[in-house]
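Each remark here refers to the structure printed beneath this line.
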Amino acid sequence: MRQVPLYLTLALVGLWLLLNAELSVLSIASGVLLALLLVLAIARLRPVRPRLRHVHLAIPLLATLLVDIVLSNLAVARVVLGLTRNRQARSGFIDIPLELSDPHGLAVLAVIVTATPGTSWAGVAPDGRVLRLHMLDIRNEDEWIRSFKQRYERRLLRIFQ
Amino acid sequence: MSAVFGYALWFAQACIAIAMLNAMIRLFIGPAAQDRVLAFDSLYMNGMLLLLTLGISSMSTAYFDMALLIALFGFVGTVALARFLLRGEVIEP
Amino acid sequence: MTTAVLPLWVTIPGTVLLALAGVTTLIGSLGLLRLRDFFSRMHGPSMTNTVAAGATLLASMLVSSAVAGRPIIHELLIALFVSVSAPLAAIMLVQAALYRNKARHSGDVTTDGSSST
Amino acid sequence: MELVLALAIGVLTACGVWLILRPRTFQVIMGLVLLSYGVNLFIFAMGRLVTDRPPILDARPLEAAQYADPVPQALVLTAIVISFATTALFLVLLMAARGLTGTDHVDGKEPDS
Amino acid sequence: MIALLQHMLIVPILAPLLVGAMQLFLGERRGARIVCSLASVLVQAAAALTLLYMTTDAMPDIWTEGVGVYTIGSWPAPFGIVLVVDRLSALMLLLTSLVALASLVYSLAYWDRVAPAFHSLFQFLLMGLNGAFLTGDLFNLFVFFEVLLASSYGLLLHGSGVGRVKASLHYVTVNLLASFLFLIGVAMIYGMTGTLNMADLAGRIMLLAPHDRALFESGAAILGVAFLIKAGAWPLNFWLPTTYVAASSPIGAVFSLLTKVGVYAVLRVGTVLAAGNAETSFIDLGLFYGGAATVAYAVVGMLASRQLGRIISYCVVTSTGLLFMALGLRIDALTGPVILYLVSSVLATSAFFMVNGLAQRTRTHRIREAADVAPLPDITYAGFDITPQDPLSPKDEVGIAIPAAMAFLGLAFICCALLVAGLPPLSGFIAKFALLSTAVGHSADAGIGWHAWGLCAALITTGVATMIALTRGGLRLFWTSQGRTTPRLRIIEAGPAAFLILLSMALTAGIAPVMTYLNSAARSLHSPDVYIRVVNGTREGAP
Amino acid sequence: MSLSLIVILPFAGALIAAFLPAHARNAASWLSGLVTIVCTAAVVRLYPSLTAAEPVLRERLSWAPQLGLELYLRMDGYAGLFALLVAFMGLLVVLYARYYMSPQDPVPRFFSFLLAFMGAMLGTVLSGNLIQLVIFWELTSLTSFMLIAYWYHRADARRGARMALIVTATGGMCLLLGIVWLGSIAGGFDLDTVLASGATIRAHEHYPVVLMLILLGALTKSAQVPFHFWLPNAMAAPTPVSAYLHSATMVKAGVFLLARLWPALAGTAEWFWILCTLGLASLLLGAVAALFQRDLKAVLAYSTISHLGLITLLLGMNSPLALVAAVFHMMNHATFKASLFMAAGIVDHETGTRDMRRLGGLSQAMPITAGVALVACAAMAGVPLLNGFLSKEMFFAETIFAGEGPLIRIALPAIATLASVFSVAYSARFVHSVFFGRATGDLPRAPHEPTRGMLAPSALLVFACLLVGILPEQTIGPVLRLAVASILGAATPEFSLKIWHGFTTPVLMSVLALAGGSFVYAVLFRRSARAMAAAPWRAPLDGRRAFDVTMVMIVRVCERLTRAISSRRLQVQLLLIVVVTLATAAAPLLGASLPPGLALTRVASAFALLWLVGAACAIGAATQAKYHRLAALIMVGGAGLVTCLTFAWFSAPDLALTQISVEVVTTVLLLLGLRWMPRRTKVDELRRKSLRARARRARDLLVAVVAGAGVTGLALVIMLRPPVEVLKPFFLEHALPDAGGHNVVNVILVDFRGFDTFGEITVLSIVALTVYALLRRFRPAAESRGLPRAQREDEARAALASGEGLPGGYSLIPAVVGRMLMPVAGIVSVYFLLRGHNAPGGGFVGGLVMATGIIVQYMTSGVLWVESRLRVHPHYWIALGLLAAGVAGITAWFVAAPFLTSVERDLTLPLLGSLHLSTVLLFDLGVYMVVVGATVLMLIAIAHQSLRQSRKSSSADERAEIGVMPAIEADR
């Protein structure tokens, strides 16, 4: 018997219940059954499993993200509409030194970067030490990098590593 | 108030449709293949939003599933196209 | 329109959310259309993926909860799926653009993607 | 609404017909896909246009006439699946023809002058 | 027993479907696959015979008036899909299973090993054919057309190679377009009448207002074009000769049935439309002219052909043309002979494709198609559990060789030639004679006039042209001595061809009961009220 | 002994002979001899039973009464006479052939065909049903084809056989039509019926056409001008065949039939003019041509044409006495001509040549043969005391009385005499130049008398000539009377068969002919033999070249016509289909008025904008598909998305769901295929600019626009008409109470019309299997064989397929997220599957979701990585799915309901509550599995083509993958 990945199974059961918008013994039982079946069937497709610690840190992370999404939307809207106060937006790539190396942590970081308009993921250097992003409007680059690492990378490091 | 809500719905749908029109123009003018793929992706997302607004206007949950499907797999086409541009084929050995 | 039966606690925030969604979608698509280079253009549609999608989903949740008479939250799944799948598309597109820009500078890829077709 | 949909069907059909009359296999397959959209919409239109009344019987008590006609929808579903299958087949055929004949002309050889 | 017999209608569809699916499990176990295939075909033949027997009203507790109906899912017509069998469809089922049996056995000598899934595809083709003959629903007819077409694509491509792929590209494209037309036609008919059931349709047409009727008939006309494409009517049939030549011989043999499905559809839907007093009932002088054009095309094409396979393909076209001419005359008495001719020409061309396949070997020792295979190694289909094998290794030639191969081939060739040319004494002649004498007998009828003579002229002309073409093709094949080798014929190849020829001989000898059956089949076709009444009768006591 | 035995026995013999070994010459001969003896004996035994009281023997067997067909053998005096001729001549020819045929030839086959021919000929003469007669008639053509082509390695044999078959069988088909027509006029195909309704037939308005058709049959068979040419070319047959078919029997079938139908058809001006003209032409032309032949058999062939012309002429004279003469001459000609053919065969056999210029003085070496030939030739020339003289006398007599006008009264006898002059001349030449005169000495073999077996038949026939010639009344008299009486019945004339009638005009004509003929040969011909031999008009008469040219012309013309009325180009075919469809669809609408009450509804602006996008995408795809495939593909995807949104807009969530899932898979699929389509360059840009190309494009554009407009119009008008609701209310009312589903579309798919779905998943399975089979033998285009350029240049290449763990580089995050998507896709797919009956979804969408999940795995991790971990076995999915659906359908049988009737059970489980089980769900599960299997099979089969690639390249330059491949191999 292989080890059952608990978080994944639970997530799948949750997904099942959410989809069916129903909470009954039958639906939970079927959800568990289905999730276990699936998880076991594809176990070999997921050779690397995340080891999660400090999962509770995800909540402030999410809150930060939501605020950032709104702010960055505003920023992008300004650039698109040309409301940047006589200033030409400077777009380009920036490199961020990276400490996070867990693949799942990186994946979440990618989600975050993608979810905030104005930044997009341009890849990690082969050695895994530098993250390159594309920014629509680069202002005060160093400050931005510091804040980014502070708000996201550090929390992800605590969750995944 | 519901009339205003109706207008808002109409407004949202019109905006989404215009957004699709913009995406279509980008799809036509390119200039690079990746621009077209980006426009394609944008079309899909706009389509998903349109489905959601249709769901709101009909007050039916039936549209939710479609939006769900686009959310889940709408990216597959984009990824396939991008992979094709990047690697020359969608599924590598 | 059958939305006449909806209560005010739905229609007022709903109206705002839908208007927001419409405006952000429009601005996002304008970004796609107007911005100068490909990498910049990518940021436009991501407005649609985030605020516009979020606002619409919230509106949808409000309406369906009102119709069903109980909180309906399965729209969250859409938000989850979009946010998880969007990076895949974005990453691949950026990589493709980077590769093709490089290749074009070395002069053997046409602009329309027909290089390997 | 009917006018818009009818025009849409017409444009899809016209583009499809134009493409299947072209000499390159890829043009033909694109034409077949467009034609299948047109034909599916045409079948669908035969049930007349009804908005906001999907034929799903829920709590709302409605007269049968108020629902959208489910029959063309079922037919289109079958047609969509079959077009998908045949598109796949045609694609592979097109690949095989390109490999075996060395050309993507539908007749398997380039036209003489 | 009676309960069992009532389910007999679904057996010809279900047996090949289930067997075809089961064979996918059998992987490399060829013996088991063969047993399954043969069993399935035999079951179909038995079912067809039973149905044929039942349509003679021999079992009045089950069906009367020669029409049997089966409500799938217990939903009555016109709401659910019904299968309907009458004498004509029972006969077509039997014909299908007989030709299939011959072709299947023939293919066991070599062809079934050339590519995977041959047996499954073959079974699915039979399912499509049987379904098309049985269904009483227009859209379901479309579905079965698709089933048979899809499997025909697969079987046509069977063995791959440049020729097949090129021909398939045309065949597939044309048929996809035809399918679109079919869909548009059915959709319009639904849009105007709200029904898909053929029997129900007849009644609904009469209720249409005049301006609606024009729209309806436009839809019916589009449907008719789709049928004509499948039947191979000029100018919609340029794809046909190339396709049939490209097909391997056992597949060519089954393909001679495919065009007749189109003819069957014209006949079936046409009589229903006629029952509804539709202007466009397919079966009118327009069909006659279409048939005449088809005959002209086939005659010219045949005379221009040097290759025997191509000549046989044109014979297939000829028979379609003649059938359409005869049907277009709208002489009810002609329908019996028309069906006879249909049966005879299917047997003849099927046998001929097989004989041609065997005879081609007198020219090249190895089977020609063998030369046309992609040179790359088979890929590792690790996921599919299949060991690549060379399908063309000499050990594949199995079976007992028959003596006097050339004598057999010559005799078989002559018999086939007689059959397709309509020369005495085989069934081809009887059929042509029956058409001739009925046409002549009704030539004085009002409104037919010279058209009947046109049919007679066509019958004679096609006979002469076929003879001229076949003597050339035959002489070329058999009697030019350069580089000829005596082929090794195996019983499992020669037997099926002989079987079909013997069948046509039996048809000649036992023509009296056959003709009685055919005439009653024709009568029931021309009085569709029985068909309609029986189908609509399923509504009684239904939910 | 019965009539049927006479007909069946030869066929039985033929069948047996066919199965004798090729070298069994004696066995075959004995068999044939036996058959012919029995047949002859049977005829001889039956013949005397024909009396005045009972003039006809009949045997009937029912065959197809509905078609007026019966097996009806009928022997009267005339048929009996002919049957005797056929059977007895058969016996003689078998005897002759036994010695004539070389042991190297496959003699059993020869006898097989000969016996079959004899059976056919006997059948022809003994037929009492005219259709049956036609059947045997065509059989004689067919067997004669086989006999002429017996030495098929010879080109002249093949050509002669084909010519004979085409001419006579075509005539036979005309005859068939004529007989069918005749039967419809007379009210049956029974010979008695037809003969009895002569007056009706002759008075019928179609009589001339019927006559023409029947004459076409008869005259082609009897080699009459202008259809004579096949006979000389048929001389390529072995001589026994010529002796039998081309003198005694087959060629007589035509005149036999004319005499047979004489009471029904003769007596009109058309009959007279056609037969007399053609008969006279054949008589004269045959005689003249015979004189100038070099080949012995050709002389005899033209002579046959001439003599048959004589018979035709006699038959055409509308006089009973002429009929008597005709029948008499049929017999006489058979005897002497067969004998002469045999003699010619003997000469050929013994000397090795039939060239009259090389032959000469053979009477020294073969005196008996010479004597036989001399007498036979004399009979042919009409020398008194031989049978030929008697019938010729009768002929001369008839020519004098036949005509009405003065022209004919003089011309007919004159031409008859002239023809006889030539007849005497070629007879003289035949016998003189071969057997007498100077021996040339350059013969291939030294001549000597043949074996008795070869000589005896010929001698016997000559003896018959003498016997009849000397004692006509005692020998042939009664037989002839009985024969004529059976044709004419009460109208039989009195006639006397005497050698000497006194000095009459006919005698004078005979004398003139003999003298003139001798003179022509001795003086005119021999003096200018060389000049005459090269006579320029011989070639056209020969017909060989004309025939060949005709056949080649037919091919050429038909090739050209085929190109004109058909095309092997797909575009032409498709254009025609579209145009024909447009025309057919428009036809019922022409003149129809627009239905009343068409009112447009308000347009939602968003929807209009949506279709602005959709239409632009479609048009963009149409313009881009040639050079910018990827752009076209994306645009088509855009149109698909808009189509999907339209479904959603108009209350079809199921459709929209399905369409969107299919869209995604189709995009991936097309891209997978695009990898194998090498780049298009704009090389043919110049060609596009040509005027013709522009015209073609303009035409196509017009057709496309018309098609689009037509569909628009139809769709619009129908949409605006009030719907006819038949199925819709039923389904909506019964879906919930009777089928237990809220989603009516799904209920239709799995229950009401589940059978359609059954077919549909079968189609999907078939296509998947086909794709798979085709790809197993896929040969990529040369240009796309290598790695795509991107991969060749990319250093990160090895990143993807590293053994365990995750790929590096940009593939890392897609791999992480993609693998997470797999179980999510599983859950979502099951969700769609299970809820389908009550809400949008169902097996199809569920299956596609699952398949997409699997495909995403392949996309993010590569084929090798996935397949080393996950075996999908798509074949089994397909098979299981189909079987599940089938079982779901069959389950109904156990509750005595028809196939696919839904069967439901509520199962109460402990703790969990009640579980609703239904065969409908099983059916939908079947759909699900088929969709998963088929989709994965198709896409993965294409994806595997790159594997083929990488395997090749890896073996070529030993790249990193080589470590992975053995793992896969071992795994299998």
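Remarks
By written order: A, B, C, D, E and F. Residues from 1 in each chain.
Everything that follows uses one rule, which is that contacts are C-beta pairs under 8 Å (C-beta built on N, C-alpha and C of every residue); 3 or more make two chains touch, one makes a residue touch a chain.
Predicted, not measured: the structure shown is a model, and the values here were computed from it.
The minimal number of chain-to-chain contact steps leading from subunit B to subunit C is 1. For subunit C, the chain with the farthest CA centroid is F.
Closest to the protein's overall CA centre, chain by chain, comes E.
Between subunit A and subunit E the centroid-to-centroid distance comes to 61 Å (mean Cα coordinates, whole Å).
For this pair, subunit A with subunit C, the centres built from the Cα atoms lie 17 Å apart.
Separation between the centroids of subunit C and subunit E, computed from CA atoms only, is 54 Å.
Under the contact definition stated at the top, the residues of subunit C that touch 2 or more other chains are 2, 28, 30, 42, 44, 49, 72, 74, 77, 81, 84-88, 91-92, 95, 99, 112-113, 116. Annotation for subunit A: residues 15, 19, 107, 110, 121, 123 touch two or more other chains. Residues of subunit D found to touch two or more other chains are 20, 28, 42, 45-47, 51-54, 56, 58, 71, 75, 78, 82, 85-86, 89, 93-94, 96, 99-100, 106-107. Contact topology of the protein chains: irregular, matching none of line, ring, star or complete. Touching chain pairs in this entry, ordered by label, are A-C, A-F, B-C, B-D, B-F, C-F, D-E, D-F, E-F. Residues of subunit D that touch subunit E in their complex: 20, 25, 28, 32, 35-36, 39, 42-43, 45-47, 71-72, 75, 78-79, 82, 85-86, 89-90, 93-94, 96-97, 99-101, 106-108.
By the touch criterion given at the top, residues 627-631, 674-675, 677, 679-680, 788-790, 793-794, 810, 813-814, 817-818, 820-821, 824 of subunit F touch subunit C in their complex.
Subunit B meets subunit F in the complex at residues 10, 13-14, 16-18, 20-21, 23-24, 27-28, 30, 33, 36-37, 39-40, 43-44, 47, 50-51, 54, 58, 60-63, 65-66, 68-70, 72-74, 76-77, 79-81, 83-93.
Those residues of subunit C lying in contact with subunit A across their complex are 24, 27-28, 30-31, 34-35, 37, 39-40, 42-44, 46-47, 49-51, 54, 72-74, 76-77, 83-84, 86-87, 90-91, 94-95, 98.
Of all the residues in subunit F, the ones that touch subunit D in their complex are 568-571, 574-575, 578, 600-604, 607-608, 611, 614-615, 618-619, 621-622, 625-626, 629, 632-633, 636, 639-640, 642-643, 646-647, 649-655, 658-659, 662, 665-666, 669-670, 673-674, 676-678, 680, 700-701, 703-705, 707-709, 711-713, 715-716, 718-720, 723, 725, 727-729, 731-733, 735-736, 742-745, 748-749, 753, 756-757, 760-761, 763-764, 766-768, 770-771, 774-775, 778-782, 838-840, 844, 934, 938, 941-942.
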